[in-house]
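A, B, C and D are the chain letters, set down in written order, and residue numbers restart from 1 in every chain.
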Amino acid sequence: MIRAAIVGGTGYTGVELLRLLANHPQVDLAVITSRSEAGMPVADMFPSLRGRVDLCFTEPDTKTLAACDVVFFATPHAVAMKSMDELLQHDVRVVDLSADFRVKDIPLWESWYGCKHEAPHWVDKAVYGLPEINREAMRTAQLVAAPGCYPTAVQLGYLPLLEAGIINPSDLIANCASGVSGAGKAAKVTSLYAECNEDFKAYGVPGHRHLPEIEQGLNGMTAEGVNLTFVPHLIPMTRGIHATLYATLTVDPSYDLQALFEQRYADEPYVDVLPAGSVPQTRTVRGSNYCRIAVERPQGRDKVVVMTAIDNLVKGASGQAIQAMNIMFGLDECAGLNVVPLSP
Amino acid sequence: MIRAAIVGGTGYTGVELLRLLANHPQVDLAVITSRSEAGMPVADMFPSLRGRVDLCFTEPDTKTLAACDVVFFATPHAVAMKSMDELLQHDVRVVDLSADFRVKDIPLWESWYGCKHEAPHWVDKAVYGLPEINREAMRTAQLVAAPGCYPTAVQLGYLPLLEAGIINPSDLIANCASGVSGAGKAAKVTSLYAECNEDFKAYGVPGHRHLPEIEQGLNGMTAEGVNLTFVPHLIPMTRGIHATLYATLTVDPSYDLQALFEQRYADEPYVDVLPAGSVPQTRTVRGSNYCRIAVERPQGRDKVVVMTAIDNLVKGASGQAIQAMNIMFGLDECAGLNVVPLSP
Amino acid sequence: MIRAAIVGGTGYTGVELLRLLANHPQVDLAVITSRSEAGMPVADMFPSLRGRVDLCFTEPDTKTLAACDVVFFATPHAVAMKSMDELLQHDVRVVDLSADFRVKDIPLWESWYGCKHEAPHWVDKAVYGLPEINREAMRTAQLVAAPGCYPTAVQLGYLPLLEAGIINPSDLIANCASGVSGAGKAAKVTSLYAECNEDFKAYGVPGHRHLPEIEQGLNGMTAEGVNLTFVPHLIPMTRGIHATLYATLTVDPSYDLQALFEQRYADEPYVDVLPAGSVPQTRTVRGSNYCRIAVERPQGRDKVVVMTAIDNLVKGASGQAIQAMNIMFGLDECAGLNVVPLSP
Amino acid sequence: MIRAAIVGGTGYTGVELLRLLANHPQVDLAVITSRSEAGMPVADMFPSLRGRVDLCFTEPDTKTLAACDVVFFATPHAVAMKSMDELLQHDVRVVDLSADFRVKDIPLWESWYGCKHEAPHWVDKAVYGLPEINREAMRTAQLVAAPGCYPTAVQLGYLPLLEAGIINPSDLIANCASGVSGAGKAAKVTSLYAECNEDFKAYGVPGHRHLPEIEQGLNGMTAEGVNLTFVPHLIPMTRGIHATLYATLTVDPSYDLQALFEQRYADEPYVDVLPAGSVPQTRTVRGSNYCRIAVERPQGRDKVVVMTAIDNLVKGASGQAIQAMNIMFGLDECAGLNVVPLSP
């Protein structure tokens, strides 16, 4: 059994790790830390876990964490980076769900996150944990930076097109929308029920922190430089991310886009290319690690439209982190992730 | 492996059976019937099952069904009763999720359901499938009538009180509320999103079909006759039933209601008595087979308030049906039901 | 024109007063105060008011308030009481939307609200602003205590029954449910979208602050003492309160309950008794000052069920406050309140 | 007083016309027709109108309609066109909320709507009722074709940019999203609460019927031909349309886009250009005739992002139809449309 720890377990990605790990056949959940809630049984904060998770929150402590096989960081950005030097000198592996190790360009990261990076040397060593691109490198990584939710949805949608070189990479538009759980469990007026319900709006239009992460990922798929316009929106629902991706095709209408996508993802356990003419719905992935994708060329014109749907808390966060752990430890990649989506 | 069939698999209890059985370690889902959709892959109708359920809907056919070990009826009322004579002469067992075999008083059933009962002799033989009351009888039953959603939530709440004989049974009030999936997948104006969203209302106030089923169940818990006022309401959410139950206590305020409930349900895998001072929330049972319960005596006056929460499609339907099957076949009662609730 | 001021205009009852007063033909909205937002244009905080309300928030200041004809307090409890002595020595009239002057029994108020009452002498003089009961007294009141949201829904439902003396007042049960806007605009985890959506729960079961206000009101309708069990619930929607009220009838089934309600409310502009067999829906009152009511005697047994629906922010707060102002100033009682409910 | 009739009043645009006209100071609502509901009081179908609309539905009848000053058609497409010859020979004016007279290219209309146009000669005479473009022509029109919901949101967003000639018109992308009321009140499985709640999806990706209407409108704003990719999505909420519009700018970053929009709409009563840095939210227009707009140039790159928000049932349908009527009859353009948005 793999002994696992979670640092910062009181948020939505924390409870989601717990939900999934509680049913993981090869993981023994040993530690979950929270400075603010130390001593409280986890199931008191999350009654959905009653009878399934018996742990109490504890103070974070390097010695205890280092005695585990894997540590998940479900903390806000700029927290995990402070612990890496001390923690990673031990024989322990880390999956960081935060943004600390995703962006390789340190000054760029610092400009978007507004603080100095305290472990830049670990950024180089960190492997970006999108299995569909980096599976091999992940196997041996000591530190995996789990991708952000929007970056997962956008990269998986553009990947076949950019790899095939059949779109103009300088003119990409990613129109995305997320459920409110993406804003986390912090008590903010803008996340209140009465503020979000029956409302739809864009946010972060001048620039969202996921932009550099996405552009870095897309740049890795093509020799030419990409230029992305990325506009996220807030949907009045709890879970789910939907990306509608636009690009200008450089191939004629006879090109078989459907086949391209099906072949690219034929062996991927968590990317599901829908039949031609379908559209992905966030509710068909709810609670699961799937990314469902559809591709269209409306009216046979020169634009391609790719639509992807994931559960922002699973494939967009905790599920993908567990997928990473499974890969790192040579387990069945689907272990603990066999949840069938909850629909309706 | 147990070979299972589902009759009438296109509704919400059907897809829910599929979701749960897909992960059941001892069940081989062999047949799913639908007259209207015969030939269609199940996953085309329910994309949430893509990659998990490979069956196609087939025409219902007694021979095929009789070759299975267990048949679930997820049909509207007055359908299952027509098949019992033919089907149950074979060595097959049935769990009926509909209302056909729940009410023992045939004329009463006929007056509420507005049609003649075509298999009254099977009503007698059917075992009412609430494990918390009937577990022993269920083990050997050939036909189990799975309880309705409201009846489950109401009976589990009143059970300890009536068994203990500490309330006045002639003066019970069950104020219940259900998510919209309880109305099924039929295309009705009253179930439209724009009709249900941002709305709350009572329905069936003069009389709801679950009343005779509930009163029959409650009458079985006490020697005196019960009298129940039952008012269901519609909540703008998809899943979940919440019951708020009122009764007049015949014991003084020193009586330990919390202990009564905890002891009654100590060995029940799917009834969770919350700590004193808590309230059950439907989201803490979403997707799972749990019933969470809390009990209060407000202001130390003479009324007791019991609150129960279940997922109407799981403990209120398909999960309870699978729990019944597990009991009937001597399996681990929790097999296939280890889903951790999805929260948030 | 009546010059009006609002104290504490940044919450949901504040913006709702603004929405309604903006279209009031005889009111000039002169002042709106907020200590925290002084200087900010109201429409910056509430873009729904752009082009309709040009005021900026200002620091509260007695001189400015006293120069108005009417001052609305849309503050949390224990704020308005601190200003009454100074303010009411001037020729100004006050409608307090908070709980400060609703409960006549000062020690009872202090025990529920957990603080000392600082203006008990004004409690006596304050008129409880439920027009359906107190219209005459309101005309000449200098200080009106606008009723709470639940108390409005519950009192209007029991009023005809208690006045007619046809129920047992010692055995009342009010099962109520409110949209999340009732929790206000404060940033609390329990009011987050992802916490409230797809959830239903009771709260305040051991005792809710509206209980003494409701019992006081009901006691005023009957010579016998009432005993009420009051359980509020939270609905995943923004606006609306629904009350389901139970009582034991002392009249036989031939008694015409429908006629009783219709006659009692025949002249009330904002109480709408629905036709027999109907149920009130919160969406049919959304944004309006109406209270819709239906009454049933299920199965002809001895329980009566009354259902009422209001918009918690209108008839349950700001609309009723404006109705009070109209009465106090001898205006058409419906002035500014002609909003047709928004449905769907 | 203007005598008004509504043909086809049982859908959501019908009840919305009723809600608004009920408070219109110069309109006498005389007739509302419905073949299926003739004889039923309107308020029985729409209890939100109780006490405000006393009419009953009647059979449609040309003589009665022709005796009115204005007739609104709130019918599905291909209905209004059948009545125009007979009706418009009388001295009556028509506002058609359906798609029948919006698209000038008859074969194009026929190919998208799948039926023969039965009144092509009236298409020529019809004035497209977007006041921000066609106000003058509308004043004297006998027949106004009220724009579709998406076309309104998209055209108002692109109008300043195309008129100013500062974007490339051959490369437009309109990513739109609508609340579920846009799908109408027909009983369809895809519009059920349990199907739409907690879900987000695109639809009509290969081609949506509003595309030719939008492209026709945009083509009227520029000498060059436009090419639009239009992808609508369904939002789990009742009301509201949000458009996120993308285009490639041909001017450098110093160009003042904010000033362009503010100047273009300075005199428009229902187009509200938000301050720089804002985003429109659908809830800030709910129930009102406003279109709120914001414009951004993310990262100073070459893409412009315009966001517009309207209430699909008001500015996107019934409110805009009343605005048209006001213009046609020389009334105050805002008469009956002074509803302040309902927020929260």
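The rule we apply is simple: a contact is a pair of C-beta atoms (placed from the backbone, for glycine too) under 8 Å apart; a residue touches a chain by one contact, two chains touch by 3 or more.
Protein identities per chain, from UniProt: A, B, C, D = N-acetyl-gamma-glutamyl-phosphate reductase.
Keep in mind it's a predicted model, so treat the numbers as computed, not measured.
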Chain pair equivalent in interface to A-D, over half of contacts matched, among B-C, B-D or A-B: B-C
Taking each chain's C-alpha mean as its centre, the one farthest from chain A: C
Approximate Å spacing (C-alpha centroids) for the pair chain C, chain D: 36
Inter-chain centre distance, chain A versus chain C - centres from mean C-alpha coordinates, in Å: 45
Of all residues in chain C, the ones touching two or more other chains: 12, 179, 181, 194-195, 197-198, 236-239, 281, 283, 286, 344
Chain D - residues contacting chain C, complex: 12, 15, 19-20, 22-23, 46-52, 181, 197-198, 238-239, 272, 274, 278, 281, 283-288, 290, 292, 338-344
Chain B to chain C touching residues, read off their complex: 171, 173, 175, 177, 179, 194-195, 197-203, 205-207, 211, 227, 229-231, 233, 235-240, 242, 244, 246, 248, 277, 279-283, 286, 294, 296, 298-299, 301, 303, 305, 307, 309, 344
In the complex, chain B residues that touch chain D: 12, 179-181, 183, 185, 187-189, 191-198, 236-238
